[in-house]
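Next, two complexes with chain A in common: one pairs it with chain B, the other with chain C.
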Partner chain A sequence: MPGAASDSGGGGSAGAGALVPLSSETKQSPVYPLRHSVGPPVSPRVSVCWARGSSLRVSIFQQQSPSCGEGDVGGEVVEVKLSGGDGEISDAQWRRIAYGSMSPFAMLQSRRNSVSTLSRISPSPYHVDWWEFVMEYSKDINALLGSPRSTPASVIEDPKTVLKKSEKPTSLKAAWELMELFYADKLSQAWLPERLIDWLADYDSLFSGSCATVHSKLVDFQNELINIQVIEDNPRYWEVIGSALAVGWLEIVVKLLHLHGSYQLDQLSSRETESGLVEAVAVLISRMPRMRLELGDGRLGECYKAKPDFIKAWEKWRAQITKMDCSAYWIQCNHLQTREGLKNLLQIMLGNTNSLSSATYHWLELYVSHFLYVRPFTVGLESMHGLAQKCIQLKPVPRSQKLMGLLLGILGENTEVVLAECSKQFGPWMVAHAIELMTAGSDEAESLLCEEHYNLGELSIQELHRLVYAQVLSSHAFTWQIAPVYLTSCMKQGMGLLEILLCKQPVQHNELLHKNLEICRLYELDSVSSHIMKIAGVHHWKHGRKGAGVFWLQQARDEFRLHKIAQQLFASVGKSISDESFKQWEGLIELLGSESKTAGGLEFLHKYRDFKRSLKHIHDGKSIEAAQQAVESLMLLMKNPSTPQRFWLPLLYDSLKLINWQDRPVLNVTQTNLLLNRLQELSIARLRPDFVEADLPSQALSAVRLALATNLGRAILEE
Partner chain B sequence: MAIAQLPESPEIHKLPLHKYVDAVRWLPSISALGRYAVLASFDSDSDSPSIEIHSISPSKNLALASTYAPLSSRISSLKSTRFADRPIIAASTHLGSFHIMTVNPMDLSIESVAEEELHLGGASCVDLVDGGLDCVSVGEDGMVNLVSLGEAQLKKARVFDANGLVSYTAAKWASPTEFATGGYGFSLHWWDRRKPGGPVSQFKCDRVQEKASGIVQSIDIHPSRKHTCLASGSSGTIFAWDLRRQQEPIILSGVGMGEGVSSSVSDSEIWEIQYDRSIRPSNAGSRILPVMICSEDGILAVVEEGEEPVELLAEPCAINSFDIDRQNPSEVICSLEWEAIAILSRPR
Partner chain C sequence: MEKSLLKLDKGTTCTSWNYSGDRLASGSVDGTLAVFDLRHPASSSFACTSRTKVDEGSIVKIVWVPPEYGDAVACVCEDGTFSLWEELTEDSLPVQWKLCERFKSSSAKVLDVQFGVSPSSLKMAEFQNVIDLVSPSSKTLCLSASISWNPLRGEGQGSSFVLGFSSDSPQLTSSKVWEFDRAHQRWLPVAEMALPDDRGDQVHGVAWAPNIGRPYEVIAVATEKGISIWHLSLNVEVDGRLSVEKVASLSGHEGEVWQMEWDMSGMTLATTASDGTVKLWQSNLKGSWQEQATFVPT
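Moving on, here comes the complex of A and B:
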């Protein structure tokens, strides 16, 4: 499955420490045990080659050829599956994503087709709404990548639980959401900084692995919380509150502030001023004006959609903070830590860059805090990118973090970098699907991705990545059936590769064969379908399943092969259509059908069966009608050019009883003459070297000749 | 009936398994409390097929109860029944081996009773007599085998060997002495244990429009109508063969099956067919009883003669097998191509 084999190196273009491409803690080379039944001594020579997907085919031989013994194996071919993936997402999980993303992708493609047909007829307003379709697609895929983020807490909240527990986020989902909000979601374009703040709130924990984060500090503090007696004396308390405020997690800040000791009932009277100050700051925080589309339930802050309203509210709020900062009550506050801590919070809210810098741990947190408190009016990717560069200089970049390169590529509006990061960090699935978002993002990206490139063999980048992903799908026995959806969306090479894929599927199992043929039917690939049927027919035939072989060759209307196998069948017919084995043949002959247009000479069997049947009736009774019917069948057989020559004598020999019919001759003169002619032809044919002698008693020919001559005489007399 | 009452849609639970499900059956209930399903699964990571028993909670959550792994290859056919208060499982594999297992009612462990190499490669199909220990096993090699588990020993008998001239793809008991088999070219054979040596009767369903023929993938016979053999297979074909009217099949669905067939429930392979046991047979008259099918194009539907099919499930992937719970016929379990199963609870 997709997954970068090389996961080393820094986190993208700006990766600090990228000078060391191979880290010293090189991953231990994985060891794959081989299970085989080749007895010792095993030859030191093994042959290794690639098999399907990411598995190796290893051939093992015994040193000497096995001396004797039934169970001894001289050599064996085993397949070793190399585990792919990077551990974050298992192979089974990747398959689940592959299954689930097929339908949204197919839906989007069919919409694109119908939109482009419509717009060709008349320049319609449909194109305007295209991003809404992309958005729907993106939402469907996002839902696949993980459950929605933290759910609202239960009714009775644990006052000591600051962080809500939720499913561990994956960087794949984080990356997808990042792409969605920058490229697909046109509604968020005006509120990109705010969306980025929300995004970091959801995924800050992803960076904890490579450096300190606000999230990791909060987790540590929460674990200690039970053991802390006087919380406001603890410097860590004020530290995490400041950090959480800096990245805009207002709910957590207010909740933490309410843990302050002065709120306790027994202390309320003695620490009135202190408690009043804490509350005043908490109220200020919870009234922070935000310029965004909406605020979810339970989120603090005041939401403004229009810029003028926001500016007014923002200035008023800032004025309140300044006023608060100069308040006379601070002097009355005796608790030093509280005073210092609260003052620091006010500095953060006032956008003091030093306070912000010391409250945050990596550049993205600092970046977000600037959006919140220093430059709330930032718009446009250019200014966002400029700010990002500044923050990177001030704070460390989380190393070997998959998302950094991607984010910087997006901010730098560099489509190639984004594409390369997607491919390197998240594999072919991500690229094939994210291109849909990128082409919706800008016309420039669209022309880069959809334009045919000479150096890619006249393919577009979009098609190339779809083909790569289809290859990945094709390499697994469970996912190959999805590949056609992606291949058919490729204009240039898709159909050709699809035909190859279908023709290469194994045909041994009925189910698989039918699934394969079903895909041919869906895409109207009749020639491929008949090709597969031919392969299946020959496969079954070779493995002794003659009926199945004939069936598939008949389905494929393969006259040529049917004729070939007919010759082989006839060789066994002569011997085996004796009376007791007749039942075995019955089924096959039935299968051939009455009007065997596509039986390739096998219709002879049908007539032969009829003849044998009527002959049997004669043995049972002695009615003249049965005899006449048998004669008719015999004449049909002997006249028919498809009756193989080698059957002539056995047929005549079988009908000796007819020819020698006691009461009166049942064959007339012309019929007898025809049979005599055939006998004559046979005598000439016997001189040819390739003639196959029938398995009959040696006197058979003379017996038939005699009987025919006698009958001729009788018939002439009769007439 | 002026206005057709729209049937309430069933409650659907889809459960991912992260393994391919080759076949699925309800396990005849052991106790009044627990409900269990038996699955033939295939894990591609370890390349290992296995038979698993899962318990299903009332809220339709799966919990693995036991596994049986020593199988030579993937399962091609799986059936379950109950004998002497013990669930019995019969299975055949793609390499032609045949397994009979019982389930220990105490700890739900699967115990092997018999294992035989009955067929020479090629997929095969098994069927267990209702509430008995007779099992018929047919294969693409053209062999028809009977395996009977007597008091103490296993009795094997080869009923017929077509030597590969005919391949069998489906089998179903009609009574303890008779069974039907299906194969290529929409052919059906009727067998009677009392008349050995070959099929008692045979039938081939030819298409009206000479296009292409198909394969019988599944057969069902209703215990109250043993003379009618219901079969389904390629190109959405469903037909019934009445032994009393030998050459006139009743065609319920199918592509290119002629004028009489109004609608086809599916255009692709119908993998399995069963009589819909949730509908009482009394009011059906002489018509074919309602049947349920699952298909390669992802449809699970109820088909009635002369009526539009009712789709219960329409998936983007194939539905490979299904089973209706005998004790509670409103519940249906089915296996989806994309490594999942679905459980449907129909309103009663």
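Moving on, here comes the complex of A and C:
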């Protein structure tokens, strides 16, 4: 449900959707100002109307009073989109993400369907690793969320550039990777702490806005680096090395150590001990054992997959550090800062909590340092969660940070909190797509999210969020066509909402109309497509585009309205109409065809059209062949039983000119007699109460009778 | 973030958007109907495309006719009459709004108009015959009425609507759901949405939510005591009536509720009241309805 919540700092901006399932306590709902330019006094009566999707249009009126100025506007209509975006992501970027995430989502759903079909047919032989599909889905979406990340490790020409300049990451990408890490990535489940360390390496910069971070300290130091002469004298040098080591950025540490003055060629001889010590520490660091599957290229450390191997290596490594700590060479080291700085590094590596605490700035950094140096074989979310609680008490939590709540919810295995955080901080897109990860990753999450709630009309939370997202997509002109993909994956209420969405699209413009009909065809929504075509037909008809109108009504098979149109065409019978209208009338008859069931008289109309055409040819009163042809048509019409009686007089009135042919009578005796008989029948019929008088001048009947009688006379004379 | 769409003429009293949200009809105190359209298809700014004088008095409410009948509106005027205007192009004349029909009755005042669609015809609900059904003999004084059709589009289903009044007769006032009884060719009340004690509460507005697949219907009723949300069951009981259940009582607006609108999924209700604010209401998972946001024009 697209609610509006979490105002991100003033300006009345409606934040991301806020269905918060867990909070049942009543809290004050947020109040948003609606800015408008209607001068006072403003009428308290405002009018609202929902536009497509989740946009609300509010009409504000000016109250009628004599004090209104002349130039004032009488009112204004403002539109509020209730699913306002993430501040970090621009509209164009959001659209790109929306378009791009449609196919991974659709692919996943179709795979899900085929898996369940397969499992129903034959339960055992196909062991499908569902999580692999989910990982593929996750990676596809991750690729949309920003440029590929770069590791903080750097191998660049300039040895003084410690941190590689990379594009600023977004919280959305960080959040997605967290979700992928904890829910979808089955391969990494055994090495969660290490994965978290990697994650922090990529996204520590996100926290720099609200508190000091290792990343920000590094950035500051790098900027100073050019100006420093003797780097090892600078206390900040040793600080940043310590901090980088604490969070596991080993490559940066080693690079920084190699900047130590004792490595310079002219210093090597006099500061042998120093450089020896520095190098020894650097080597120790680069050999650090890590409990993980693999390390990327250029990264330092040694990987161990199995716990016993790791423990052995770990103890050996720690023994080496302790031995180094007690070494005799320290006394020989003259440079105070070097000695103390290196010793601090050793303490960090030995897991001294005080050193770790002073080297890190916020709780996440402290947290990962614990995984690196204090408890490297932590496994299981429960113990990770416990450690997190401890770290939060010791170090500050970055304020107004979108990711904190999410991470804590994930660690606490609290599905409701995770959902609420995704919804509040990142919006309906995130929730709709991340639910796929959650249902794959955790049984508890799956049962919670797929359970049907009567209160929602027997919807599950999963389906609800897809509907909400689809509604958000429908609010924008560029993204409404994506909504059907999500709606059709909703079993219960998706099709209903899709039908409503399609029926609300305007029909004036052809591309949009065709797009709409295409979607109807794709999802076999015949009733919707005929409804839309009906609207298009009526719209075109009423706005003078009669041909287009008839075309659409025929497509819609709207017999009722086509019949009415045929009736209108009948009205032109017997009237003299301009050439222009005649052409149009002809064209319409062509379009209507003669197959229409209810408009049974269409056949008559066709014949009448032929008759009219031939009548046109006799304008000049000269051509006798044309006249004969006209007579043929006339007789055909008058003899034909399908010609409705009410048209006899109009037909004859139409052919007055023909009958009054100057040169010679065109009708022979038999024909004239037939026509006179018809006239007689007509006169009798007029006495009946239900007779409908044709709309002709009052002397029409007598004129025709006179003409026929004259003709008869002449015809008899001729024979 | 709000965005201004268009500016209205001086003296505008009411507005109404068409079914697809790209045309706006506004009525003003001097009886002018102004129609606004998008400047071009891809833009999002509107311009006034026509102004027609429809009546001498002020226009109180405008309702668009369902689109399968063309582009047309019904204008209800202060003097209790209403007229139907249609946009047409005739022959070579430019597009203009023309009068189709004017409905005037000397004995009754039209209080509200809404259109329902059935496969063969357009049904407009005025209140005269309904009033007669309810209280044929006594004279009741009605200040206002509210009606909302069931917005379903199905071809085979019958139409139904909910109707409530603000009057001095308790039987008339309470909101009822009416269905068309084909056998007897008339409208019958099949459910009443008021608790026994609240029957006499003045009804200021009713709104029937679009149902996209729920096993029950949701209807919002605004009375002097606040807004209440009702669930209407789809199963017909033995006596031909439908059962109702009141699921929420919402208070929050100070003042009389003017208008209630459901969004296209029927999950969010937007309401306006005489305190000049717009409030949004939604139900959470546990079924409890809460206010989600308030908008205050400043």
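Operating definition for what follows: the second predicted complex is superposed on the first by the 477 of 719 C-alpha atoms of A that agree within 3 Å, B and C clash if a C-alpha of one lies under 4 Å from a C-alpha of the other, contacts with A are read in each partner's own complex, and residues count from 1 in each chain.
As a working rule, a contact is a pair of C-beta atoms (placed from the backbone, for glycine too) under 8 Å apart; a residue touches a chain by one contact, two chains touch by 3 or more.
Not measured: the values here are computed from a predicted model.
Of the two partner chains, chain C is the only one touched by A:461; chain B is not. Legend: residue contacts after superposition of the two complexes on their common chain; A:543 is shown touching both chain B and chain C.
Of the two partner chains, both chain B and chain C are touched by A:509. In the superposition on chain A, A:384 makes contact with neither chain B nor chain C. By the document's definition of touching, of the two partners only chain C reaches A:501; chain B does not.
In the superposed pair of complexes, A:81 makes contact with chain B and with chain C alike. Contacts of A:54 after superposition: chain C is touched, whereas chain B is not reached.
The partner of chain A that touches more of its residues, comparing chain B with chain C, is C. In the overlay built on the shared chain, the residue A:627 is in contact with neither chain B nor chain C.
In the superposition on chain A, the residues of chain A contacting both chain B and chain C are 79, 81, 477, 508-509, 543-544, 581.
Those residues of chain A lying in contact with chain B across their complex are 79, 81, 91-93, 95-96, 99, 102-103, 476-478, 481, 508-511, 514-515, 518, 521, 540, 543-548, 551, 554-555, 581, 583-588, 590-591, 593, 595, 597. Only residues 1-5, 11-14, 18-21, 24, 26, 29-38, 42-54, 56-62, 64, 68, 72-82, 84, 453-458, 461, 467, 471, 474, 477, 492-497, 499-501, 503-509, 512, 527, 531, 534-535, 538-539, 541-544, 560, 581 of chain A touch chain C when the two sit together in their complex.
On the chain B side of its complex with chain A, the touching residues are 16, 18-20, 44-45, 47, 76, 94, 120-123, 140-142, 160-167, 169, 183-185, 187, 189, 197-199, 202, 204, 206, 210, 212-213, 215, 234, 267-269, 271, 296-297, 316-318, 320, 337-339.
Here chain C touches chain A in the complex through residues 1-17, 19-22, 24, 26, 28-29, 41-42, 44, 67-71, 86-91, 95, 120, 153, 155, 210-216, 255, 258-259, 261-265, 267-268, 270-272, 274-280, 282-288, 290-298, going by the rule given at the top.
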